[in-house]
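Report on one structure; see the data block that follows.
Read from first to last, the chains carry the letters A, B, C, D, E and F; within each, the first residue is number 1.
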Amino acid sequence: MLTVLLIFLPLLASATVLLVKQPLSKFLAFVVALAELVISIIMAFGFDKTQTAAQFSVHWQWISSLGVNFSVGIDGISMLLVLLTTVLMPGIILSSLNNTTKPPSFYALMLLMQSALIGVFTAMDGFLFYIFWEVALIPVYFICLVWGGENRGRITLKFFIYTLTGSLFMLVALIFLYFHTAGKHSFDIQSLYLAGRGLGESQQVFVFCAFFLAFAIKMPVFPFHTWQPDTYTVAPLQGTMLLSAIMLKMGIYGVIRWLIPVVPVAVNKWGEVAMILAVIGIVYASCIAIVQKDFKRLIAYSSIAHVGLIAAGLFTLNRIGMQGAMIQMLSHGIVVFGMFYIVEIIFERTKTRDLSQLGGIRNVAPLLSSVFIVIMLGSVALPLTSGFIGEFLLINSLVQYQVWIGAVAGLTIILGAVYMLRTFQKVMSGESNPVTALVPDLNYHERLVLYPVVILVLVIGVYPGPLLNISEAAVNNLLSIYSDLSASVK
Amino acid sequence: MIPIENYIWLSTALFTIGVLGVLFRRNAIIVFACIELMLNAVNLLMVAFSSYLNDATGQVFVFFIMAVAAAEVAVGLAILVMMYRNTKSVDIDILNRLKG
Amino acid sequence: MTLYAFYFLSFVAIFSALLVVFSKNPVYSVLYLIITFFAIAGHYILLNAQFLAVVHVIVYAGAIMVLFLYVIMLLNLNEESEPHKNTMVKIAAVFSSGLLLLVLIGSLRGASQLVHKTGGEIGLVQNLGQVLFGEFLFPFEVASILLLAAMVGVVMVGKDEEKNAND
Amino acid sequence: MLTNRSKVVVKKEMNFWERIYLPAILGGIIITIKHLFRRKATVRYPETKRYISDIWRGEHVLKRDEHGAERCTACGLCAVACPAEAITMTAAERKKGEEGLYREEKYASVYEINMLRCIFCGLCEEACPKEAIFLTNRIVTTDYDRESFIYGKDKLVEPVDNRIDVTVRQTQAVQEFKQHKSFSHNR
Amino acid sequence: MNALFVICGIGVFSLLAEVFNWKKWVTLISFIGICVAIGVLLLDWRSVSYYYHGMLFFDRFAMAFTGLILVISVFWYWMSVDFFKGVAHRTDKSALVFFVIAGAIMMVSFNNMAVLFLGIEILSISLYVLAGSDKENLFSTEASFKYFLMGSFATGFLLFGITLVYGATGSFNIVSIADVISSSKDLPRFVYIGVLLIMVGLAFKISAVPFHLWAPDVYQGAPTPITALMSTVVKIGAFAAFVKIFSVSFIRFSFSLLLFEQGLMVLTLVIANVTAVFQSNLKRMLAYSSVAQVGYLLLAFSSDNAHSSGTIFYYLTAYALASILAFTVVQIIENAKGSANISHFQGLLKGSPLMAIAMTIAMLSLAGIPPLAGFFGKYLVFTLSVSKGFVGLTAVAVITSLIGVYYYFKPIVVMCQSEGQPISISNSQKALLIILIFLNLLIGIFPDLIRIV
Amino acid sequence: MIAFLTYKGILVLVIFIITLAVAAYSTYAERKVAAFLQDRIGPDRAGPFGLLQPLADGAKFFFKEEIIPNVSNKVLFVLGPCIAMLTALMAGVVIPWGNTVFLGGKEYALQIADLNIGILYVFGVVSIGVYGIMIGGWSSNNKFSLLGAIRASAQMISYEIAMGLSIIALILMTGTLSLREITLQQAGGIGSHWNFWNVVYQPLGFIIFLVCAFAECNRTPFDLPECETELVGGYHTEYSSMKLGLYLFSEYINMFISSAVISTLYFGGFNFPFMNNVGLSHNWITVLGSAFFFGKVVFFIFFFMWIRWTIPRFRYDQLMNLGWKILLPLAIFNIALTGLVSLLFSR
């Protein structure tokens, strides 16, 4: 029941928010986001870490004629992502409280987004998953479209059509699976798993391709990433945060939840290709990031690089990689959230994102720069920060899988360090110039947002155990199923 | 008795001539008259079939076609006159102001 | 005898139908169409459908074509005001309708297997009435709606707008 | 309103019978059918001629006296009396030796009546103090041009040898009337 | 069945209102009348039977579509209250609209070609006039005339087809036709061309490419409420007729006709969607969109002639609800700014958020974005065709629907840009918008509600 | 076969001649009646009582100069009066001029063709009649002619509807479209077997039919198409000599046929009172019947003329109002009434 509450509370709240005036609306939105956080924490404590099956599950009939049910539930993998969402949402909302006033519709969309995201992470029915997947797209599209920057109409439409194309392929794959379910056709996750595994190899490959396309566009993996930097740049802060911190994870989550268990044979066969794509993406994005002049764009490319690493780790299909991916998802979400916020703070104060114009902020805003350092180090994966755990596990798994791939993927740390430190140097250190001379330091709101981020980065980096425990059972279960099946095929 | 094929040929020919007229002429009234010719070709064939099948329903259907034709003519000519009032022309090629 | 009549009427029908299309003067076109209609009425009589023949004459020749002529005269259309299509369009029109004819002919061959059932009394008023007011009562009644709609429509299109309508 | 013959138009609502017009039409056709059986107003002219009353006011005549002299003295009263202004005349003085021709010293050298204007009312006859002009029962003959309808003295003055009898118009009552100066126009 | 009479009755009543000077009441009575018709329909719901010597057949299919037509009519009437206000001929227009509805009902419930034909004609003739009801406007006149010429041309083909089928089978009853076709071994060959001509005639009516040429012009030229009527009620009627005749009478030919149906479908999908991208007038764009939707319907129908009616019903419902919503907004904008050019939508979000939201919902639904009704329609269609093995065609449809997303999002993007003047809308329009938004969502989220065919 | 053709041929010839004669003398009668109704004498110079006047008129038409306007459409200009004349003559085919006669043991009907759709045939022919006027008026290339033609077509189409509807009420009663059967149903003769004339059952229908007949024949008060005061003669403004003669003739023939149809439909046709009681042989009754029939026809021709000199011409809008707003609803009402009554009485 709590899951249902988690999904529908923001939904109802979003309708309510529309009806009230501006000051109250943002307050209401924030309260709801906090309430969600509380609920999810309660759930995390009540979560049975040993169990592999979904917990807190609800199973209602919905569209009986199509075999679609409203069934949601939370297992270890979901739990982490739900936590990520609920943790970040208050932050995102809080970040908008700063000094820009957004109309109630903005908060309505935010809450809608949260609802959809949680829906995606908890859906235990193929169709429901798809619906939430698409629904999650709409609010963020409008957030970017309405409150975005220059050229937003064209760029956001590109983003929308890209993702929609991917998800349509996913839909086709889902329908394909649906028709292969036994007995009365159903979209139930278990029957879809069975259906997928019952497929022949070529059919599996088809399903794999369709799913992978959808997820790859969402993440985004190398050749499908072209929408991403533009969109990140043009989107408003909150849009960028949503996209990068949470929506990216939808793709990865999709791979874990839907791609690997459904078509293990195809994954076994073609996972390597995906992995190589991801690794290419890492190097490519990192290289581009190095030459970026635009601060926000740089972060965007860095995000591609990191996500590439996660994807590559996933397709190693061993326990370390999986767990690394899980923890890195959290870490990346938190870090990138903080990064973008800092970019926005600087942009707000200097009205520029051009790295060559910035510099010397450390002199005028020490707090800002120290927070930036911590978060940046998290991104660079310095030990004792959250990034380190994840990247270590991931590269480890890649090396186990194939040394050369691991080596190339390892470049991410080096290149990441290069561009991040360069950025720090350009933005923070050096002499203040006229643009940056009068930059004020963090204010109350910003500190309220950024301090928890810093704390989280450090806490996860130091003590990731509980989080890893949450997902361990589910990951093990997944891998055991996979290895059984791929072995049996071979 | 005349073979039914003859009637089929005849009405096909008339029908095609009607279609030809619709495509060929630019005068809206004549285009419209050619549509009437098409309907008449249909009527003729219908009556022929009805007669050959010895089934009165075909001829009854022709009544409905006639009623409809009459109604269509009334409405069509009224619209045509309305159009003529506005454009002072009955040239159907004038009807191309509506473009995207 | 009837066959000759058939050929004669068919010739008249097709010939004047062609003239409908190719006459320059709209009035001639309409008059040729009337001739076509009479030829078709003749066919009806050959087919033993006298009632329909007369109704055909009354409706088409007596009412519909009069309306056509009426409008042509009202708008004073003649040869001079006749718009001309360019040659390409004409060729295209002839070509496409020729194609249609070919398609129709090709697919209509082999109709001779249809067996002629004797009787021949169905064209009489009594029989038609039985069918019309028996089985086809509903369409008959519905046709009144159709005519009503047409009537209202024509009045609406034809009547001048009432200026300064109050409500 | 002077004559009391004009009718006031009443625009009242017509009742049902009036509105369907059929009774009115019926009345109309009854009226016309009645005429079918009336005596015809026309005659087959050359063969049969219409009876003309004695006191019919036809073409004018300028009378001569018993000696054959013209009675008219060109006083102009007739012209004044004429409502249609059809009469015009020019006066002249009688010369020596013309006593047989004209009864008094003054006479009309020109006397014209435009027959197209004349309305044959007879006022000239009444106005004439000399009993010179009279209307007769003769019909003004038709002609082809307007000029020929202006009758001069050549047509108006009665021929000496073919006197026109107007006695029927000179009844006792008329004579007496003419004697009464009080009724006269030129009081 | 009785609903049809009620509708005809209201039409006649509207005419009488002119005589007895009840003009004030026409709108109200019309509303009540349609509601009564819906009520009557619900009362008849369980009685599936033939009427009038098998002229009409009210089964689930017919009743469901009748109900749909009536419900959409209610919204249509609500939306176009202004259309009947102020100007002359209001009773005439109202009567003609009811005749259109009556025609549409006949087209969904016919069991005999005569009723089909008369239904089509009642509907068309009324529409010809209604399309030209804005007599001062040249476009309206032109639209009316174009529609008329094309419509009667199509009628010719339809009739020729009916005649040939009659010649081959000796009947107009669609069930008997099916019987004859399935029982007799040596049908004359011309029955095929007859069926094909019927298809051509009906394709004109449903405006499937390449027989769609009239649609954009007419949609653009006609007064917006009439355009809305054409793209909803009329389309429902026409497509239902198409489905009915080919799923009952010519079901045996479904295999032979498949190629034609699919040809129509592919052309419709590709050409309509691609052309729609280049439109700058929203009415015209919606016209192409409504043509494009026919493509999806055809995809569903051609996949399974016999059992696709449920899907088609759902799709049409979703489409009609979204269309009515879109046209409501377009109409308000057109009244306020003089035309439906897309640039007039600029800044609508800031100016009148409700309208912008409504338009967005409509566009999203038409584009097929979950969880709106349009998505489910497309979903059902794609599922159906995939389940019958037409994967390639489905892929075409998917790609074209992506193109669709592009042009459906154009107004959305425009609306969100720059500032705009507020446009005042009445409370009734607000209520209508809200109800329609709600319905679009409701049917999208709970599609089982209307899976009644 | 030969006998049949001869018989029909003779009949056709006789009826043709009679029609022409009646039409010719109608022109004479028209002038005479006009004169009488206006207390005049009328033509009386040609022959006794002017009886040879029609011949004189005819001769005049023949010898007048033939003028075809230079800018007119020559073929159609000639075609117009021909069509007018042709259609006028054609309508006489189905009218039962008399009952059957027995000659040499064979029965001959005094009717050219007894179509089972006689009334419709008449309608069909009448409805084509308008082409003569339209073509003539249009081809004259004259404004007045064109106006006359347009008026004629509008008028005839409008009144045809009311006319048809009034007939439908009659058909509802009689149950047949054959003019002969309708006549026989009205068989007169008090005493043995007799029926009222249809006019008794259909007074309203009769009035409507009568009014429409006036309009269809372009007779006053509905002579708008040739309305001299406005249109200088309307559609035949440009016509002269025999072509004008044909137009005028066709008008009188139409009047004759209308009268015949009215007599047939509403006044018992060739039936007359006491016909079954006078005790004459069948042939004699037939002859007498025909005489009576012509008497009725003559009466109606007279009636046409009578009305002409009674009622003034309508204005054009009045004409249309009468046709559409009064006669049409009345005719429909009449149908409903007839239907209702026959429904009640058939039970």
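Assume a contact is a pair of C-beta atoms (placed from the backbone, for glycine too) under 8 Å apart; a residue touches a chain by one contact, two chains touch by 3 or more.
This is a predicted model, so every value here is computed, not measured.
Novice: Starting at subunit D, what is the smallest number of hops through touching chains needed to reach subunit E?
Specialist: 3
Novice: If you apply the touch rule, which chains end up adjacent to both subunit C and subunit F?
Specialist: Shared contacts of subunit C and subunit F: no chain.
Novice: Give the fewest steps needed to get from subunit A to subunit F, where each step moves from one chain to a chain it touches.
Specialist: 3
Novice: When contacts are scored as defined above, which chain pair ends up with more C-beta pairs, B-C or A-E?
Specialist: Output for the comparison: B-C.
Novice: Between subunit D and subunit F, what is the gap in Å from one C-alpha centre to the other?
Specialist: About 51 Å separates the centre of subunit D from that of subunit F.
Novice: Please work out the Cα centroid separation of subunit C and subunit E, and write it as a whole number of Å.
Specialist: Once rounded, the distance between the two centres reads 30 Å.
Novice: Calculate how many whole Å lie between the centre of subunit A and the centre of subunit D, each centre taken as the average of the chain's C-alpha atoms.
Specialist: 125
Novice: Touching pairs of chains, which are they?
Specialist: According to the stated criterion, the contacting chain pairs are A-E, B-C, B-E, C-E, C-F, D-F.
Novice: Quick check on the complex: what are the subunit B residues that touch subunit C?
Specialist: Within the complex, subunit B touches subunit C at residues 1-10, 12-21, 23-27, 29-30, 32-34, 36-37, 40, 43-44, 47-48, 50-57, 59-60, 62-64, 66-75, 77-82, 84, 89-91, 93.
Novice: For the complex, which residues does subunit F have touching subunit C?
Specialist: Those in contact with subunit C are residues 73, 76, 115-117, 120-121, 123-124, 126-128, 130-131, 134-135, 137-138, 146, 149-150, 153-154, 156-157, 160, 177.
Novice: Which residues of subunit F touch subunit D in the complex?
Specialist: 33, 35-41, 44, 207, 306-307, 309-311
Novice: Which part of subunit C faces subunit E closely enough to touch in the complex?
Specialist: Answer in residue numbers: 103-104, 107-111, 113-114, 134-139, 142-143, 145-146, 148-150, 152-157, 159, 161-162, 165, 167.
Novice: Residue numbers of subunit C touching subunit F in their complex, please.
Specialist: 27, 31, 34, 50-51, 54-55, 57-58, 61-63, 66-67, 69-70, 73-74, 76, 124-125
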